[in-house]
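Step one of this worksheet: look at the structure below.
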Amino acid sequence: MKKKLSALLLIIALLCSVLAGCTTTGDQKNIDTDVTESNDTGEKTDTPSGEPKLADEQILTFVGHNDMMTLDVSLMNDEMSALVMYAVNEALIRYSRGEIIPGIAEKYDVSDDGIVYTFHLRDANWSDGKPVTAYDFEYAYLRLLSPETGSTQIESFSAVLNAMEYARGEITDTSQVGIKAVDDKTLVITLTKPEPFFLEEMAQGINFYPIRKDYVEKYGQNYGSSPESFIGCGPFVLTEWAQGSKITMEKNPGYWDADSIILEQVVEYIVADENTRVGMYDLGEVDGIYSISAVQTVKYSDSFRTRAGGTLQHLVFMSREGAVLSNKNLRLALSYAINRDSIVKAIASPGTVVADSMIDPEISLDGESIVEKYPASNNVHISGDPAKAKEYLNAALSEMGLSSPSELPAINYVCLDSPTHRAYAEALQAQWQDVLGVNVDINIMPVPQAIGSLLAGEFDIFLNGMSTGVAPETLLDNYTLHNPNNYAKWSNQEYTDLFNESMNADNLEERFTKLQQAHQLILDECPVSPLWLPGTAYLFRDYVDGIFYGRQTGSIEFIYAKILEH
Amino acid sequence: MVKYIFKRLIISIITIWLLATISFFLLRTLPGNPFQTEKLLSVEVQERMMAYYGLDRPLIEQYFTYMKNLLRGNMGYSLKYTNRTVNSIIASTFPISAELGLRSLAIALPIGLALGVASARKRGKAVDYICVIVAVIGVSIPSFIMGSFLQYIFAIKLKILPVSQWQTPAHTVLPTVALALSLMATLTRVMRASMLEVVMQDYVKTAKAKGLSEGRIVWSHQIRNALIPVLTMLGPMVTSVLMGTFVIEKIFAIPGLGQHFVNSITGLDYTMTMGLTIFYGTFLVFANFLVDIAYGIVDPRIRITK
Amino acid sequence: MSNIPIDLPKDAFSHMNAGSTESEIITRPSITFWADARRRLFKNKVAMIGLSIIIIITMLAIFVPIFSQYSYTKQDLTNTNAPPSIEHPFGTDSHGRDLWVRVWVGARVSLAVGIFGSVIPGIIGVVIGGISGYFGGKVDMIIMRFIDIVMCVPNMIYIILITIYIGTGPVALVIAFALTGWMGTARSVRGMILQLKEQEFVLASRTLGASSATLIFQHLIPNTLGIVVVSMTMGVPAAIFQEAFLSFIGLGIAPPIPSWGQLANMGISVFRVYPSQLLIPAVLISVTMLSFNLFGDGLRDALDPKLRM
């Protein structure tokens, strides 16, 4: 019996040592996770030593985490589809390396009143050789708006004359919509009123590509579900889409600017598990990883690159009459107690930048950041202000007739089920407990239920991440009176008036000044509290040159990339 | 027998209809809607989408529409992969999951059962302990850890097998083994327990007393009877294995059906969830039906024609 | 062995007093079924080692969090992912929390969820399976078809429903497991009962006028205990893993309360950089499961009257 026992123990011991052995080897360094500072946040600089030599084989392979949902331009709403569509199709104008460049439109004119945009198309062909015409764009845009299509993206066209009316079914005559192909080579878009950000919207939006009518008619609802049922006019052609596993694109020799395209082939593998993705990179099976988490960057502290922006994560405090957080001082106490900087450094993905306003600082007009030009006097403290937080808490408690924070009613923090949201929730919960002694209950829910709670107002605190769009009003727009998207159920007449005055302003100066005042008011009243602009880390081998990391979170631009000799 | 099978067929159809009905209404009692995604759509757009897909109609009307389409074998379009039908998604992913499952079962069934028999026959001996330990370790390590370890050791450190994807036979080795280990462990334990029950039964003693050969006793008196509890669990086991496993498919990047089971429910993709439930249910009902028939073959004491 | 005749004198033997009542006396003290089971269990060293490990882990789970200087929620964002040291024997996690305390608090949660999440559905399954198998016919038909249907509805639907209405805590999880986990046991118990009820001892008992309840609970179910105990011990890791899986997709226990499954899930995402964060929960889970399984085997041997060696 003893012998058997010792044999058993030996086996267990062996097993443990195998497990231990296989994970402690390797080249990890337990360096500080403070990685955000050591990285640039832009384009990889070109090799300094003259013209680098190109490799013989121009094939770029990388690995992403999700499959794309669809190639139907009108229905597209996810970053992976957008990533592929950027390469296999082309819109009138293109957003590349942080600026607007010509696409299928050779040039465009804007009328003096800023309302009529006329696009002049170049001679470009679809990948089957047929010419791209203005009618393909007109068809695509009207198809997206049509109530028959079921697109979630109608709001991209909200500046266009009668576009929303047509989308809502209020008008059915498409000739009243401000989208018109005059001839094969001319497309005219008419806006409701001047909107200086419309071109940015067209360039950065993911739904402004042309569609071939004959393909839609041939494939019906299956249009865009496979390489056969899709056609594009971009620098690459989609040749393989093994759903859930692999996407292959080959250079399109008929592309109008084919000379600028060096890559012959791009292969994307789809791998959901991060350890697997990193393993493929380590073994050299891929040249890059689409995005990696903070902890993995520890191993590649020299080679990863990051990009932030495009999304603003902020807290929404339920401010409706009767809710716990209807007390303004309590909201301010919670906001002041947060040490945003420490959370970003310890937990957030690399490249994340602390935010102190509800306007993305990257939103700019004529090269000037709008929030920098029209700042709100800041009361969001990057590292928190525990003393002031306690002051606000005491004020709140005395207003509520309570003597200690433990007497506060339960505060319900509804959290999305993603690992990052969960990590943020735990960090915030601990800081509120430490600084204020306020207990917050975290309630984790799957995405639809969590968002459902947000819309129904069944929460006290919600960490909301929203695209900041191209115009400074994007996030502030929601918090006007009676707006169905006023997630905080915050009602403030003064704010609503200021915001509407801004939107109806005659000139840009007035528009942004009024917006500045509204922005100041919402930060003072604190129904929402900005946290940070989440970043993304990418990992590509040094020999991959010319990859650009776009503004919108999670889009890499590889069309002009090249593989250097290695 | 024919009458019995016919009767069971009718019952199976009713079962599947009840299943579809129950899951249809259960699914709709979940709060939220499929258009409430992390990318926040405005309330107006959400309402537009609900109307577009007819989800704003009375529930009972939606139910009859769904059932009418289901009768024609049409399970509708996925609400997430907007231009792919549920039928086509199942048709393209099920063969992959089923292949992985069959490969694993082909390894796990014979080895697991053999280990169970060997272990029971040599109860208390070294063989028994080794088998039990193999089995216990198989069920004691979560599959996400086991899968990751196998991948780390054999693909990343030793570089003898591919890390992921589902292409050549070499690609199938690691996921198959990872899945087979836990199946094998479960089978070994159940078979051992069941064999031990049978070894002491009177009919075994009788057989011994009659002077039957040891081999004959083990085969036709012990194993045959010990298989009954194993058979009971085979229906659900085979079904769930063939339908794909979320964890193994995720770790080894296999484009199978398993991921859809989780993602469709957490994303509230109604049509996809319904399609998968009905597909799974039909398969399971059929598998259990086969098991019940197999009972009668293995154990003559159970008379299925009563 | 040898054929050599032994020459014994006849007078070496004397007659016993035949008919003495002494021969009827049972010299071995009479012991109950449970005392016998306990005795045999205690003699089984492997099972005892398993039991000792379970007791040690339970003790650590109870006492470590009480006596530690750190709280399992206390975070230190300046000391994250620290390797094991004297101050933090298991290191710290991504939020700079002491893993030694978190592991043992997690042990409380996982053990509770594992044991109750396995035993409660097990008991429900045995009762329903017993009734179904014993009565057969229509009752069996209805119960089995009901199980067929309920088993086909993905567990996730029930679990999401329950967590939304009851909340995300250990109790909600156990209820969810109880509602979704009994069917497998019920099916296999029913299979065994079908087989057992044709056997002679049942017939004998029935002939003696035993009621259905007596037959089910005294004769049939005890005879299935062996397999049920095995399936319950397998159910403990299954419940613990299911909790981990649910935490992974966001339906587990709400933070900041840790569980082993969660810790292992966190660990797997960092294991190539900070291996100890995976190894510790993984080894603990595996050792605990090993102990439960060894103990379960011992228990089964002790409980099954047919298996006396």
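As written, the chain order gives the labels A, B and C, with residue 1 at the start of each chain.
Operating definition for what follows: a contact is a pair of C-beta atoms (placed from the backbone, for glycine too) under 8 Å apart; a residue touches a chain by one contact, two chains touch by 3 or more.
Being a predicted model, the structure only gives us computed values, none of them experimental.
> Name whichever of A-B and A-C has more C-beta pairs touching across its two chains.
A-B
> Counting only C-alpha atoms to place each centre, which chain is farthest from chain C?
Following the centroid criterion, the farthest chain would be A.
> In whole angstrom, how far does the Cα centroid of chain B sit from the Cα centroid of chain C?
23
> Rounded to the nearest whole Å, what is the centre-to-centre distance of chain A and chain C, using the mean of the C-alpha atoms as each centre?
The answer is 47 Å.
> Based only on mean CA positions, could you tell me how far chain A sits from chain B in angstrom?
Roughly 38 Å, centre to centre.
> Identify all positions of chain C at which a residue touches two or more other chains, and write them in rising order.
160, 164, 249-250, 268, 271-272, 278, 282, 290
> Hunt down the residues of chain A that sit against at least two other chains at once, touch-wise.
8, 19, 23, 275, 416-418, 446, 449
> Which residues of chain B are in contact with two or more other chains?
30-31, 137, 148, 152, 266
> Please give the residue numbers of chain A that touch chain B in the complex, ascending.
Chain A reaches chain B through residues 4, 7-8, 11, 15, 19, 22-23, 25, 69-70, 72, 75, 77-78, 147, 150, 152, 154-155, 167-168, 221-225, 242-246, 269-273, 275-276, 279-280, 282-283, 285, 416-418, 446-455, 464-467, 484-485.
> For a test of understanding, state which residues of chain C touch chain B in their complex under the given definition.
Touching chain B from chain C are residues 137, 141, 145, 148-149, 151-154, 156-158, 160-161, 164, 184, 187-188, 190-192, 194-195, 198, 200, 226-227, 230-231, 234, 237, 241, 244-245, 248-250, 261, 264-265, 268, 271-272, 278, 282, 285-286, 289-290, 293-294, 297, 300, 304, 306-307, 309.
> Taking the complex as given, what residues does chain B use to touch chain A?
Chain B reaches chain A through residues 30-46, 48-49, 52-53, 77, 80-85, 88-89, 92-93, 126, 129, 133, 137, 148-149, 151-153, 155-157, 159, 163-166, 250-255, 259, 266-268.
> In the complex formed with chain A, which residues of chain C make contact?
45-46, 49, 73-75, 77-78, 80-83, 94-96, 160, 164, 167-168, 249-252, 254-256, 268-275, 278-279, 282-283, 287, 290
> Could you list, by residue number, the parts of chain A that touch chain C in their complex?
Chain A reaches chain C through residues 1, 5, 8, 12, 16, 19-20, 23-24, 26, 28, 30, 33, 274-275, 278, 293, 295-296, 298-299, 339, 342-343, 345-347, 416-419, 422-423, 425-427, 429-430, 433-434, 441-446, 449.
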